[in-house]
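Common to both upcoming complexes is chain A, partnered first by chain B, then by chain C.
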Partner chain A sequence: MDKLMSDLKSQIIAQLNLQDTKPEDIGDDQPLFVEGLGLDSIDALELIVLLQQHYKIKLSNAEEGPKVFKTVRTMAEYITAHQAQNA
Partner chain B sequence: MYIRATGNISPQKTFGHGPMDDSPVVYNGNRLTAIEPEYKDFIDPKLIRRMSRIIRMGVAAAMECLHEAAIKTPDAIVTGTAYGCLDDTHSFLSKMVQFNEELLTPTAFIQSTHNTIGAQIGLMLQCNNYNNAFVHRGFSFESALLDAMMLIKENDASNVLVGAIDEIINASHTILNRLGLYKQGNICNLDIYQSTSKGTIAGEGATFFLLAKEASNTDYAKLDGLHTFYKPANAAEVEQQVNNFLQKHHVNISEINLIITGKNGDVAGDKIYDTLSTSVLAGKQTINYKHLCGEYPTAATFAVWLAAHILKFKKLPAIISHQPSSQKNIKKVLVYNHYMGIHHSLYLLSAC
Partner chain C sequence: MSNSIYITSSCIISNHIVYKNGQPIFENKGLAISDFLVSVYRYLNNQYPKFHKMDNLSKLGWLACELLLQNSFDAAKYKPEETGIVLSNKNSSLDTDTRYLQTTNEIPSPALFVYTLPNIMIGEIAITHGFKGENAFFIFDEFDAAFVQQYVNNLLNCNILQCCICGWVELLNNEYKAALFLIEKNKSANSIIFTKENLIKIYQV
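What follows is the complex of A and B.
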């Protein structure tokens, strides 16, 4: 899980072009939207693309979004659960 | 109407207080790249991350212009661009191919439209006033400026932020190079006018002007007129256009103190400038500017910016100091530019 969260932080920084942000600046349980990293709805779309590109996961239910993209940890948990389901 | 303020990001050190004391930046090769400022001083870092290079250039040039004019919300924002946000367009299209038309990221698509920069300026200023973008190839800036002038003349605006933006990226440079637009071999930008070969040097830039209806005591220049004409049949037609333009503005050629031409070192395209220098513009002090900014469809913005600075500071700036100058008291400037021999434009500016 730690490795996955570390990878995710780097991928989020690259995908969203978060200049001056390093992976260690993003807390595992830090909110990604509004407060915390301050991401917005366009970033949410970028994160959906990130999941598809890097983990082949298609977020089919939009209502899952706020829960999945709450923090880096919730994203990692979602990816892990999805991979276990498809193993 | 008056040019109250300017903002210019170009391949020269034009951002800030202008080029009056700087020597020209020398480039070897057929591509001139804009010298960019530290954007964090002008743009919120949170917004910068979504902006490609050309958007940053455009927004920063516009912000500097507004800052100089001490205007927070202009009555209108009008932009011109021929290429638009090329880098974002290239990124978006490349990803379409790379990911087989799936998994497309929204940011590049959103930012790839030609009105992105005007819209971004409007968003940053929270300005809901008139906002328009013109994409008319070599007439893009001229169309934007004409719109701005009409807004002011028809009393729809008392001040307008107007400018143009175009960038050159690796992909477009490669394509245009293949099409023969640029000179081959080792070429220095300062030597292009001595060249006897075809082609020119590529350039880019973001230039904005604050156009105001009323005069202030800090204006750069008065913008007296603008005229465009398309694909003239021959030199005689161009001469006629110049004469008609001056006549329309009740100006005799003897009153013009300085001509700024769009000569770009292309032996074919420069012929018309040489012809005019022996006919309708004979004997006039003439300077060129494309060795400074390169050639691009909205390069005439650089000429207007240069003319405005010359008229305000009443001297030829150091960046063109290698060109002979005899005229000290410059009160009227005529700019004649053409892009690819297709889009021709004339500007008339005078001292305030």
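What follows is the complex of A and C.
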């Protein structure tokens, strides 16, 4: 899980062009939107693209988005659960 | 009868040199356009993380505007709806349109898609400063100083605006030029009369 969260932080920075942010600046449980990393609705779409590109996961239910993309940890948990389902 | 209107500040970014009010203030030759724009951002020393998410056209226009206004604009003088933005260029958002089209071969990029209109650049500037005045984006083969002068003159003389940022922001592949002018009704230290001839003279620096 730690390795996955570390990878996700680097991938989020690259995907969202957060050039002034380093992986260590993003906390595992820090909110990604609004008061946390300050991401917006376009960033949310880019996170969906990230899941597709890097993990071959298509977010089938848009209503899951806020829960899945709440923090780096919730993203990692979603990816792990999805991979376990498809193992 | 029209009152005197002034060009109170100008900023040109061309050939990897930045000019403020006709004087070169920054130069960084030999870089790709995207790296050059980041170097201008570092020079500006302005913390605006959203800059990195913009496409190159918006970055160019946004940087030119920040440098145009820096130490030359008193926001307190105007209500948000009194400052407008009138920009123009030749190739619209074609630079980003092409890059977006390439992403559609795999997964289309939402972040690129939002920049497939040139007036998004106006939005970036307006959001940064809270400007809510009239805005427009025009496409011309080349910088049309006569049109810009007449159009902006009307906006100010009819009191639709009290202040306007106007000019040319063009970028396609490695070719680019930004020429922005701050137009106001009041004279300032280095202001000159807002005429077609003066726009052209500054543009051709």
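By our rule, the second predicted complex is superposed on the first by the 87 of 87 C-alpha atoms of A that agree within 3 Å, B and C clash if a C-alpha of one lies under 4 Å from a C-alpha of the other, contacts with A are read in each partner's own complex, and residues count from 1 in each chain.
Just so we're on the same page, a residue touches a chain if its C-beta (ideal position, glycine included) is under 8 Å from a C-beta of that chain, and two chains touch if they have at least 3 such contacts.
The shown structure was predicted, so the numbers you read here are calculated from the model rather than taken from an experiment.
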{"item": "First (chain B), second (chain C), both or neither touched by A:Asp28", "value": "neither"}
{"item": "Which superposed partner A:Asp20 touches (first chain B, second chain C, both, neither)", "value": "both"}
{"item": "Chain B versus chain C as contact partner of A:Glu46, first or second or both or neither", "value": "both"}
{"item": "Touched partner set for A:Asp7, first chain B, second chain C, both or neither", "value": "neither"}
{"item": "Where chain A meets both chain C and chain B, residue numbers", "value": "16-20, 38, 42, 45-46, 49, 52-53"}
{"item": "Touch list for chain C against partner chain A, complex", "value": "38, 47, 49, 52-53, 106-107, 109-111, 114"}
{"item": "Contacting residues of chain A [partner chain C, same complex]", "value": "16-21, 38, 42-43, 45-46, 49, 52-53"}
{"item": "Chain A - residues contacting chain B, complex", "value": "15-20, 38, 42, 45-46, 49, 52-53"}
{"item": "For the chain B and chain A complex, residues of the former touching the latter", "value": "45-46, 48-50, 99, 102-107, 110"}
